[in-house]
Amino acid sequence: MSTVTVGVVGAGRIGRMHASNLVHHVPEARLKAVSSPHIDEGWTRGLGIPVATQDNEAVFRDPEIAAVIIAAPSGRHVELIRRAAEAGKHIWCEKPVAFDPQSITSAIEAARAGGVQLQVGFNRRFDPSIRRLAEAVRQGEVGELNGLRIINRDPKAPPIDFVKRSGGMFFDFTIHDLDTARHLSGRDIEEVYAAGAVLVDPAIGAAGDIDTAIVTLRLQGGALCVIDNSRQTGYGYDQRFEAFGSKGNLVVDNLRPTTVEAFLDGGVFEDTPLPSFIERYQDAFIEELRAFIGCVRDGSPVAVTAEDALAAVRAAGAARTSMLENRPVRLDEETRGGGR
Amino acid sequence: MSTVTVGVVGAGRIGRMHASNLVHHVPEARLKAVSSPHIDEGWTRGLGIPVATQDNEAVFRDPEIAAVIIAAPSGRHVELIRRAAEAGKHIWCEKPVAFDPQSITSAIEAARAGGVQLQVGFNRRFDPSIRRLAEAVRQGEVGELNGLRIINRDPKAPPIDFVKRSGGMFFDFTIHDLDTARHLSGRDIEEVYAAGAVLVDPAIGAAGDIDTAIVTLRLQGGALCVIDNSRQTGYGYDQRFEAFGSKGNLVVDNLRPTTVEAFLDGGVFEDTPLPSFIERYQDAFIEELRAFIGCVRDGSPVAVTAEDALAAVRAAGAARTSMLENRPVRLDEETRGGGR
Amino acid sequence: MSTVTVGVVGAGRIGRMHASNLVHHVPEARLKAVSSPHIDEGWTRGLGIPVATQDNEAVFRDPEIAAVIIAAPSGRHVELIRRAAEAGKHIWCEKPVAFDPQSITSAIEAARAGGVQLQVGFNRRFDPSIRRLAEAVRQGEVGELNGLRIINRDPKAPPIDFVKRSGGMFFDFTIHDLDTARHLSGRDIEEVYAAGAVLVDPAIGAAGDIDTAIVTLRLQGGALCVIDNSRQTGYGYDQRFEAFGSKGNLVVDNLRPTTVEAFLDGGVFEDTPLPSFIERYQDAFIEELRAFIGCVRDGSPVAVTAEDALAAVRAAGAARTSMLENRPVRLDEETRGGGR
Amino acid sequence: MSTVTVGVVGAGRIGRMHASNLVHHVPEARLKAVSSPHIDEGWTRGLGIPVATQDNEAVFRDPEIAAVIIAAPSGRHVELIRRAAEAGKHIWCEKPVAFDPQSITSAIEAARAGGVQLQVGFNRRFDPSIRRLAEAVRQGEVGELNGLRIINRDPKAPPIDFVKRSGGMFFDFTIHDLDTARHLSGRDIEEVYAAGAVLVDPAIGAAGDIDTAIVTLRLQGGALCVIDNSRQTGYGYDQRFEAFGSKGNLVVDNLRPTTVEAFLDGGVFEDTPLPSFIERYQDAFIEELRAFIGCVRDGSPVAVTAEDALAAVRAAGAARTSMLENRPVRLDEETRGGGR
């Protein structure tokens, strides 16, 4: 099969990471162009990318380009999806697609109208350990699924500026866990109870957000899922997952930079978990692009759809309502939907 | 200091374990008498216990006996506490003291009136790993406490007969976790949200109980605690505890019978966790008696009081109300209190 | 079956430990008498031992006593075994029986002549993890055995006085590993190469001994075994064992006082291994006495014989010769035998 | 600093891996040409390598090329080093440089005469965990070094054809461990005792080689090192390293493909270690090239020299003599030197 010619829209930290991954790790893709208001031509040259432009349209109009990676600021995702779909480009879009269900729905419709694929950047689904856990559940290794446990804690609270435009912790952070709950269980979320707190930094509370949460989900068929979130650990990026069922419990643990254990007078010392999502999900970031390019090449459906994004945003909305009203919220209630 | 002469009331499985622990592992105690309707004199002789009787009063009236261990069926605990207190015996009572706050309060008053100590059998507080975790939290090793995680899962669901007279899972099983939350945090529980389900055995549901629960607690000062319960694992007795704070996360893991790891073609194999509470808390069962006997000898206050039992039962009541009404319940609400 | 009446000869640290284990953990034994030149009657009374005497003969002559535990100083073991055998008592003797093969042979003959059992205190054989490893090898779980790895390191170098009368590190310390190699493999040792060094404390070298060694064994049938010894770790008592074969590798790891893991900024901290042989082999010390008493009761042969002690001492002698002459030594050479 | 233009000589499995690593992971290098008798132009085109040739001279004569990676068959390494040195190219050469000290010495002289750098492919030195261990030893984290333990076991015995031309296990396989002993300790090897055996496959013995070995090293200053080798595990590639000293013990453990732990009835199951050196030392293979290119750019001395290769080969020769004559061999003896 032939190579897929690709453009990347957006060249911030994450856009540059995706561009570099395409060049180095996705041999089936040819990265032709990157667009960004702040494009750095030294950087594109270094990666051997022929076209560096400030104009997204140069990407959308290029007839050679078959697929685009959207990594612009979140607030512009839906508009860029629409434009790419019109231009007939297959689309991979960084999460969040949007904070409100209506916008995501419109993105889904645009992709359908354009006849293009639309994959969403829930990268964790491509992590080797998580993927194996999901397969084990699907194949019945844990028997009937009774529960999931997800620990997701960031190493360091984000800047208050980011907090203000993040859509709130449930939409920006917990959303990964809500998707993971659906992915691991293969089931939809029926009810959400979210207990939130400001325990890390009062400034986050002052900005109208929380930094700590315990979210309990009831999944279709009755299994319970608990999500444990914090914006700051001090000991690295804490990512742990468990699936518990009638036959046993499967556990995914943290990764560490080295395996060194130091047995010394006073204690045994090991490395803390990997410091951030960049290192932890390094392989997953590559695999999600490989999977997308593979689907573009052979026309098979993408593994993570905008419908998945929609389901996760709806659950995030329910979590917010639950927290604000301090009550469990069913997903089939008329929720208010979107982010702040 | 002199030896404390002790009587044991009740000689079922747990009563016999306590008697054996007193004889073999608490040199400061002298076990003089055991009473039980089904007393086995071969067994008492084997342990060198001078008096075996069917009459509890023979224990309470013996002027040599300074302290009693109450391990009779749960429904008789309060009555026996009252009788022991009248007789001026210091009291150690197996959990649960009672399922309703009023009864526990009356037991507290009886002990106070009799001028005797009253310790309750929350054995986990004496487990070396959990004790160390509690000390670490108290000494600020995790910084400001943000959260607790408690996983408590039984190896095998109890017989339906037991389920029916157990008081319900929150009163019989989760109650240990509610006490552990108070012990680890050094704080009271302010609010409870309990999501329960019947996922292990429909017969448990038919008996009016649940077998699976996720319970979220808000503790005084704001920290969140999540309790994960199941009546059946298939892989042994799952007992894990975490305390998370501004400086880090402390984890207590399961114990296993051996440390053998088998690296074979196809996988690495290890032992499952210890099979039941008997093995897992073997040391804790001994230490709680040692601690009690120590307090009797030197008159220092016991470490686990009936007030602790009262607080745990109130939280269990709130959990039940929460589950039944599917809403968070504050401990300072007028709760309905007791067990079924 | 009836209880076995037992006497203990020797009441130093180890003798007192065995006496206490008999009283508390071996219900099939009745400890009637302890003899020692420095007997402490308060201690025997506390344990409920009827007879405390300075005269070993009072033990040997007591017709009620069927078995003796010899825990006197090593230099007197053989003489006491002979005396006990003459008196018709079954014998459990602490290691080392003696440092020279001739003495052990004479002890074996004395026991045979007296028609009594003679078990030797290689306690490790009764450790649950090591026992499981030995069974796995015997049952072919690792396939054909290719190699053993034994790490045995003491927490803290012994006093120089002890070093001087210890018989040398191979006879006092490595001897456990030489027995473990035979136990785990079920095979005899054919050749020994021992590299020794003084790296912990020059005073040990000045006393004519070593404190560090790597000992390579060729076992019957060709498997290789490597023993790694040090007199001092600083991080506790390091006891690790591996059996490697055509089907895999089985590993026994250290035990720790608690399972607490502290995830903190700067590292993850755990407990060091258990501090000494007393804690590490606590269960094994009990099990070896239980096994002995069981054999006395039912007449079945003991699991660890003086022939095992003889084989270990011969291997220790070969190790010493190997180190002194810096060459591999076959066990079937005319070795010089005994300790210094 | 400018980019370094590089040629790769040899395009077998390992040559292609290095070429791919240069293209994808060493941005400071520009891979211009690859030569091999069996060059695959589709593969070079796919990687964007301009020149694909069957003629090594085309690489050596290219004035643009500043450095060459030699990954041709081992038997040709010295000849190619000489030719590259004459041509003034800096050299990175896969291990083994040669099996005999004289040839390595001549390669060292050729590089010196040509005024070029010569780095050798002891890739393990660049593994993050091993590098950290070496630094810890150098910085005194373990105190005075007393001992090293190296376990190196291959997943599956190589084909007999390879065994025959491999130079023997000590020269082909153990040589990595001999270098690691020098690297971790920062010390030279003074004496070697090697016990070898044929336990995996009699055909290896028939081919004149061994498949199992325990090698004991005495290092300068007195520390002891033990190397444990096997040609076949069945459970993956076993790579473990320990450094033991007066302050403690540092351990490097195996890496596994995922962290999944399955707690099931009957046992807890985990992944076996990574399957082969390709996965295990993936990062190290990249880092060694990065380090080499860095030294070429700034003229700093390379970290792994042909003198290191010489020292390792001398130790391998001593190991072979030791095994054949069954005696410890000092490195300062007149050893017979090279491979078979």
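Lettered A, B, C and D in written order, each chain numbered from 1.
Keep in mind that, in the parts below, a residue touches a chain if its C-beta (ideal position, glycine included) is under 8 Å from a C-beta of that chain, and two chains touch if they have at least 3 such contacts.
Predicted model, so just to flag it, every value in this text is computed and none were measured.
> Which chains lie in contact with each of subunit A and subunit D?
Under the touch definition, subunit A and subunit D have B, C as mutual neighbours.
> Contact counts by the stated rule: is the higher one at B-D or C-D?
So, comparing the two chain pairs, more contacts are at C-D.
> Which chain has its C-alpha centroid farthest away from the centroid of subunit C?
Here the answer is chain A, farthest from subunit C.
> Taking each chain's centre as the mean of its CA atoms, how far is subunit C from subunit D in angstrom?
Distance between chain centres, rounded to whole Å: 42 Å.
> Between subunit B and subunit C, what distance separates the C-alpha centroids? Give it in angstrom.
The answer is 40 Å.
> Could you please state the distance in Å, as a whole number, between where the Cα atoms of subunit B are centred and where those of subunit D are centred?
Their C-alpha centroids are separated by 58 Å.
> Please output the residue numbers of subunit A that touch at least 2 other chains, ranges allowed.
233-235, 238, 247-249, 263-265 - these are the residues of subunit A that touch more than one other chain.
> Help me check something: in the complex, which residues belonging to subunit B touch subunit C?
24-25, 27, 46, 48, 128-129, 132-133, 136, 141, 247-255, 257-265
> Which subunit A residues qualify as touching subunit C in the complex?
Residues in contact with subunit C: 233-236, 238, 263-273.
> Within their complex, state which residues of subunit A touch subunit B.
143-144, 146-147, 149, 153, 193, 195, 197-200, 212-214, 216, 218, 222-224, 226, 228, 230, 232-235, 238, 244, 246-249, 326-328
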